[in-house]
Amino acid sequence: MSGFNKVVTSYQAAMAGLTDNMTVIAGGFGLCGIPENLIEEIKRKGTKGLTIVSNNCGVDDFGLGRLLSDHQIAKIVASYVGENAEFERQMMSGELEVELTPQGTLAEKMRAGGAGIPAFYTATGYGTPVGEGKEQRSFNGRDYILEESIRGDFAIVKAWKADTYGNLVYRKTARNFNPMAATAGKITVAEVEEIVEPGMLDPDQIHTPGIYVDRVIQGTFEKRIEQRTVRASL
Amino acid sequence: MALTREQMAQRVAQELADGYYVNLGIGIPTLVANYVPDDIDVMLQSENGLLGMGEFPTEEELDADLINAGKQTVTMATGASIFSSAESFAMIRGGHVDLTVLGAFEVDVNGNIASYMIPGKLIKGMGGAMDLVAGADNIIVTMTHASKHGESKLLSNCSLPLTGKNCIKKVLTDLAYLEIKEGKFHLLEYAPGVSIEQIQSLTEGELVISDNVREMKIA
Amino acid sequence: MSGFNKVVTSYQAAMAGLTDNMTVIAGGFGLCGIPENLIEEIKRKGTKGLTIVSNNCGVDDFGLGRLLSDHQIAKIVASYVGENAEFERQMMSGELEVELTPQGTLAEKMRAGGAGIPAFYTATGYGTPVGEGKEQRSFNGRDYILEESIRGDFAIVKAWKADTYGNLVYRKTARNFNPMAATAGKITVAEVEEIVEPGMLDPDQIHTPGIYVDRVIQGTFEKRIEQRTVRASL
Amino acid sequence: MALTREQMAQRVAQELADGYYVNLGIGIPTLVANYVPDDIDVMLQSENGLLGMGEFPTEEELDADLINAGKQTVTMATGASIFSSAESFAMIRGGHVDLTVLGAFEVDVNGNIASYMIPGKLIKGMGGAMDLVAGADNIIVTMTHASKHGESKLLSNCSLPLTGKNCIKKVLTDLAYLEIKEGKFHLLEYAPGVSIEQIQSLTEGELVISDNVREMKIA
């Protein structure tokens, strides 16, 4: 009866098997919904030559940005460099290979990777640098480009709650890329705020079925806010 | 007089209709939300996975798990829904959003838009912009008509790497509201106190003065 | 403030605008989660020459099967004929054009239609009659076929609850094809068991965001069971 | 003696492992669920959108909104999840299901399978079968070794329209358990009381007797 228990109790165990030059797909948008402790574990391990697939690369001192200082990342597939100075510097200097990918295409490439769709057509990027070198094709009089799917050796995601079987529920916009990332890893690791017993989550309301998840760990999170915007209380 | 950023947002807001689902980009587009007419209701789509973005939170409401595509903390409006990035761009790419407003560095007479990269200078990435311009039928680009050095941003051919091809039909600048069709800019409205000659001189791409050209009305 | 109120109060209004020779995408699997009253309204209207896209075609006297007797359906795209005798008869006789489509491909074609993906590659159907006449292509040493997306003039779906803005929640396996169908109609009509005020549904738990839904109607449902299988109570 | 349907299900059940996600087709495959060993736990995937299918409901539990892919009313096991058909086939197509068991009319030495159509006679449709055989690495086909008229169903080349090409590696019949590789059927196990000669005579495709061939064990 233990075959579905995905719970691990150390971050070392959570990221066991990650080795140099692997591809890691990470959930999160900006600093929201990022697997912050799993990223820290990658930093601690010192794994090098990684290809990271993630919408952003964190900030200089938090999130995936933490892997830049020790040059652990060889290549990143992302839609937005954002306000990460070290990311921009490494990209400009050529130390870091960057494949800028439109946000929607990136999400769809992850989903396709998990769903056994090797490639799909999209109008996004047609006639732009993103479309260069890619097949172009017309359907019903409109032009599209061919985009191939992405899979990772690891996928690392952050959810709100999990049951021990790895069923996941996300909270608010911390969902973002996490559900697709979770489907696209050969090994998918989820860190969560709370682990409950199977049967405690409503089957109708599970965002990521446990079949996609190999390991679950309960963590504590800083949840740093990137742009703290507030209005006056009444 | 050139429009202020606030006035530009006010003019764009006139294009809203009751029941519109709207995606507003960062910068001037974001300000449009402040000028939604009282008698209509719109829902704001934020491409990180939120339909029904509300106002900024109070200190008490602040929630790190609830941000918009500009990474600002926000709230949810009544009737909001949350979804994944794949679902969010399914909405966008599938043409379900009624109006998209976004900024640009340049647009040209063929409806091309450049907005994400200045080679050698600025590489922030395209984020969701390429999906937004490819997916939407109804897009308004907001930007200043010319650079600080007086160089037109309304061109015969965009000089910067494109965000999208043949996709822009409407441009609101600080000087004018224009439509792009048949390979030309069509001047529909000029900002109060701005002359057509001034607009002409700052428009590098071919400009046609619409028969119905009129002064822009800002409430 | 009424712009988002999608509620209609008659089935005539729900299906207004449906005319001969249109394409209708319908949610449901077998008789589970089918928009039974919307189908009845199509029968009542007598619309002809329809192309129906649905996993199944109901049974002879319930669900989409009801549209067969008056020959309202010219063509059906489905994965399973099942135990519908009149369907099988019309297909065999050539009265009804049938495009047999694998279930997963059908679901993905609907999703792609709603998501602005004109076509995608899948291994499903490669080397079979389904792949005949379709482009074949190899990715990473495996063979795939190209499948194009589907959109409908109308999509008709059945949900459990809706709010007046058209946000939908499905119940148990009555979800099935409904979420994809809902995205793929030029006009999407949802019939539901209960309509609530906006704000009453948890935003994290909405299965179909209201942006996809044009009309919502509250109905009463027979919910016929196709294979009634029970075990003895203790 | 040829295996009964129940015995075939029992033999297939020996291939289950603790923690397996399993999709069972209609017919004999469905019976496999009755023989899951006590010391292991599997979750059944039903392609209409249920992971964690439970037993049939009591009269009191009966729910029209909860069925399996065979359209039978079912219940949910503890830890079950519900999802759309697109998500269900993302799981299947993406290779996330550990074991798929399904029936067939014919298989051949190249791992081709025909299971959904007999031209002119039977057109039920392929349902999810084409996706299942294309998506799974680990598939067991269950069927009788030969037709009632003694015609082999293990062929050099399938004669019926294919459900999938080069995708079947394991076949359990009422007479034998076989592996398909390098263009041949490899006999791994024979049913108790069935002779290798009998299997040979009912196997039209090339048959190789495995070095380790042994009598099948049915508990």
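As written, the chain order gives the labels A, B, C and D, with residue 1 at the start of each chain.
Just so we're on the same page, contacts are C-beta pairs under 8 Å (C-beta built on N, C-alpha and C of every residue); 3 or more make two chains touch, one makes a residue touch a chain.
Bear in mind the structure is a predicted one, so any value in this text is a computation, not a measurement.
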Each chain counted as touching subunit A and subunit D at once: C
Overlap of the subunit B and subunit C neighbour lists contains A
Hey, how far is the Cα centre of subunit A from the one of subunit C, in Å? 32
Quick one: subunit B and subunit D, Cα centre-to-centre, how many Å? 55
For subunit A and subunit B, let me know how many angstrom lie between their CA-based centres, rounded off. 29
Two or more other chains are touched by the subunit B residues 76, 82-83, 89, 92-93, 134-135
For subunit C, what residues touch not just one other chain but two or more? 108, 111, 115-117, 122-123, 171-172, 175, 203-204
In the complex, the residues of subunit A that touch subunit B are 29-33, 55, 78-82, 88, 91-92, 100, 102-108, 110-111, 122-130, 143, 160, 171-180, 207, 223-234
Which stretch or stretches of subunit D touch subunit C in the complex? 46-50, 55-60, 62-68, 70-74, 76, 82-86, 88-89, 92-93, 112, 117, 123-131, 134-135, 161-166
In their complex, what parts of subunit C are in touch with subunit A? 108, 112, 115-123, 139-140, 142, 144, 148, 169-172, 175, 203-205
Note which residues of subunit C are touching subunit B in the complex, please. 1-4, 111, 113-117, 163, 165, 167, 183, 198-199, 203-204, 206, 209-212
Tell me, which parts of subunit D touch subunit A in their complex? 17-21, 40-43, 45, 51-52, 76, 78-83, 87, 89-97, 134-135
